[in-house]
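Scroll down for the structure; my scribbles are underneath it.
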Amino acid sequence: MEGITNHEIQEFLQNNLGESILSVEESFGMLAVEVHINHIYKVVSYLYKDETMKFQFLTDLCGVHYPDSTNRELGVVYHLQSMTLNRRLKLKVFVPVEKPEVPTITGIYGSANWMERETFDFFGIRFLGHPNLKRILNMDEMVDFPMRKEFPLEDPTRDDKADFQFGR
Amino acid sequence: MNSSSIPYDYLPIIIQFLVALGFVVLVLVGTHLLGPKASGKRHDASFECGLDSIGNARNPFSVKYFMTAILFVLFDVEVIFLYPWAVNFKKLGMFGYIEIIIFLSFLMAGFYYVIRKGVLNWQQRESQE
Amino acid sequence: MKTNLEFLADIHNPETSNIPYSTLNLGPTHPATHGIFQNVLKMDGEKIISGEQTIGYIHRAFEKIAERRPLYQITPLTDRLNYCSAPINNTGWYLTTEKLLGLKVPKRVDYMRVMVMELARIADHIICNSILGVDTGALTGFTYVYQYREKIYEIYEEICGARLTTFMGRIGGFERDFSPKVFALTKQLLIDFPPVWREFESLLSRNRIFMDRTINTGAISVDRALNYGFTGPNLRATGIDYDIRTAEPYCSYEDFKFDVPVGTTGDTYDRFVVRNEEIWQSLSIIEQAMKKIEEMGPGVYHADNDHYYLPPKQEVYKNMEALIYHFKIVMGEIDAPVGEVYQAVEGANGELGYYLISDGGRSPYRLHFRRPCFIYYQAYPEMVQGQYLSDAIVVMSSLNVIAGELDA
Amino acid sequence: MSTKITITEAPPGEEGPGFFATSLDHVVGLARKNSIWPLPFATSCCGIEFMSTMASHYDLARFGSERMSFTPRQADLLMVMGTIAKKMGPVLRQVYEQMAEPRWVIAVGACASSGGIFDTYSVLQGIDRIIPVDVYVPGCPPRPEQIIDGVMRIQDLIGKESVRRRNSDEYKHLMEQYMIK
């Protein structure tokens, strides 16, 4: 397909947003760019406004939890897409679990509203400046964050799979 | 002797009336006695798609609903007046025709007033937020 | 003393009239929501001022379950995402895992998958458009056309035994070849269905009542749609011809000739007509796929990869490696390679994406489903503002929001 | 077409020229049994299978359930179809409590019966934890024939139920167990 290749994107990122890019790698035909936490809003809006790149569609936004990478435990992955040039790009941001704060991008993309609420609901990553940051899928009374690795999957009230049933 | 005033000629009608009345009473009383009752605070609360209803339902609502309803009643009654005319408009001939035209023109004038006043359409009050 | 005129004038400007806005709860259990999500609508009489949604009433933690299951056991989860078109979700998941494994799937399997996916798209659009008819009062359309969804169920049963949550196919292909009955049933469908669908279209498309109810209700402009992350028929209704089958052809869609229907104003009528036209395109794709499969004749129906494709049972009894692979696959002891993959598939109501992070273990480290209706349903209050309540019902039904996919 | 057609036999009772007498329970049971108005509490995949049951191919209307009532007021049978999350629990309980007596409940599908394949933190493991259930229909999703079989099981229950059952203390004890006043 015509449109820009990953290599051109990499170059563009290096010379325009060089200081806020921490690392770039390519997997399965898509660039994964790790961005410094304070520059994420700048990078996303730059890519949005830029004429040559035209990354103007937020495909997806989700959280990831790496419990054992110190003070980079919680990550947020943004999938951007340029429909006109038919190219996808993945931005990653990592924050420590003690201070899980990421600036919101609902200003640029209206679709990020619920996706950020879902990421907060699952991982507890607070999105600063989000218009209405509260739980979206789980019950409001829920205290802890279910998608973190240490949270158990099974329903605690169910005892038919408990150990004593199997003589353990 | 066909004097039609002897009461027993009306007996079938009375029996028919009693049967109908009896059926209604029987069903009402029967279901009241037979049917089980369920009542309770939540049971008697108004159905709000599964949630508890907030606020009371008696606060004032837009007058446009009331306007629409009243105007419907008015023009519906007008149509009822047309029935007797429609049944024998052949016999009434030109006289009946003129009468109806006058009757309808009065109501059409009222209808024209309502339309120009814009009572029926909801558009006027544009949303503010 | 207020004259008659001033009294009526009061009604029309809100500052003076002290009538508060009434709020209506289009709550979880409501026939119009086709699923369980809640809209609290603030209304001025019949006109909607603003809406606020609450979802998550059947949140089942798919992504948490997916982190504890080997790869092939995640397919039943994908069935239950958009359960009106389960085969598309299944095939999307297989494409993701095959991309991670670097598995090359033979051409014939691609065509079989395309045929199955287009059948699922027709089934989903049948439900969406006929229920849109029901919501505007035309119940006969639904009962008449729903019969052909049963016919598609019969084809699914012939392929994989299930009607709705199909678990169709395996990583690398299909469990068994399509029996001749599948092709016979599909040919019969291609003969019976078009006249019925033409009749259904003629029932609604030029129907005065339907057009009055749906034309420019819930219209959304192109840039608002893109800002809200619209994809699929809802985005194409606004005029953008973005379709993943043409933008990033997967499963050898490039061998098929079909065009992408596009609307103009992005209102409910356009969404209805775009879905109608997509059914015609899917029918022609199925025809092309069947012709291509018949030309290739009976042949291989799966990629031969021992680690992920169950060896045939006779082999398992006879030779040692097949027995070991059989055991390892069934017990889920096969470790997936390390890597991060994002594979998007053109689902029936939008771009269904699978973002899979694998750390080399047997189950994914993190699996995120890009659920189209979770993303575009955010725009509902903005699309419905200033419309009437009856328009709100029709807009919600034309958006085809599926609760299973909404709260995955 | 199979020629074996079973005609439902009349309830036990005295037979005579031109009249038939039987106990009140049977008559009321017969009437209730063949006019059940279901409340389709359809939340997910089982709901789509219920649409097939109501559509022309499987047609639940042959069993007297033509009119689906989406409000609990005019509903006899609460058919809970699909996964019930914990967030949905209070809603389901409210809808059940607002139904008029006599009321019956079918748990259609594995998710409604026992939480099904979703043994997760957010799913209610079976609706019998919050409301009493009369018939469980297995399957994920159950085929329309299974749903119709569930409705027929309910019809047998209703046919044999005595008119005084809802006032009996055994039923009251059941209600206390679920804290339903």
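In this document, chain identifiers A, B, C and D correspond to the written order of the chains, with residue numbering beginning at 1 in each.
The working rule: a residue touches a chain if its C-beta (ideal position, glycine included) is under 8 Å from a C-beta of that chain, and two chains touch if they have at least 3 such contacts.
Since the model is a prediction, treat every value here as computed from it, not as a measurement.
The chain pair with the larger count of C-beta pairs in contact, out of A-D and B-D, is B-D.
In this assembly, the chain whose C-alpha centre lies farthest from chain B is A. Chain D has its Cα centroid 45 Å from the Cα centroid of chain A.
Between chain B and chain D, the centres computed from C-alpha atoms are 36 Å apart. Centre-to-centre spacing of chain A and chain C amounts to 24 Å, using the average Cα coordinate of each chain.
Measuring from the averaged C-alpha position of chain C to that of chain D gives a distance of 31 Å. Shared interface positions of chain C, i.e. residues touching 2 or more other chains, are given as 27-30, 56, 59, 61, 64-65, 407. Within chain A, residues 137-139, 146, 151, 153 each touch two or more of the remaining chains.
Among the residues of chain D, those touching two or more other chains are numbered 87, 91, 95, 120-123.
Chain contacts here follow an irregular pattern that is not a line, a ring, a star or a complete set. Contact between chains, using the touch rule, shows up for A-C, A-D, B-C, B-D, C-D.
Residues of chain D touching chain C in their complex: 41, 43-45, 47-49, 51-52, 55-57, 70, 82-85, 87-88, 91, 95, 117-118, 120-123, 140-141, 143.
Within the complex formed with chain C, the chain B residues making contact are 48-51, 53-55, 59-65, 117-119, 122, 124-129.
Residue ranges on chain D touching chain A, taken from their complex, read 86-87, 115, 119-123, 125. The touching residues of chain C, counted against chain B in their complex, run 8, 11-14, 18-20, 22-23, 25-30, 38, 44-47, 49-50, 385-386, 388. Within the complex, the chain C residues that touch chain A are 55-56, 59, 61, 63-65, 67-68, 99-100, 224, 226-229, 240, 242, 247-248, 339-342, 344, 351, 353, 355, 357, 366, 368, 370, 374-379, 407.
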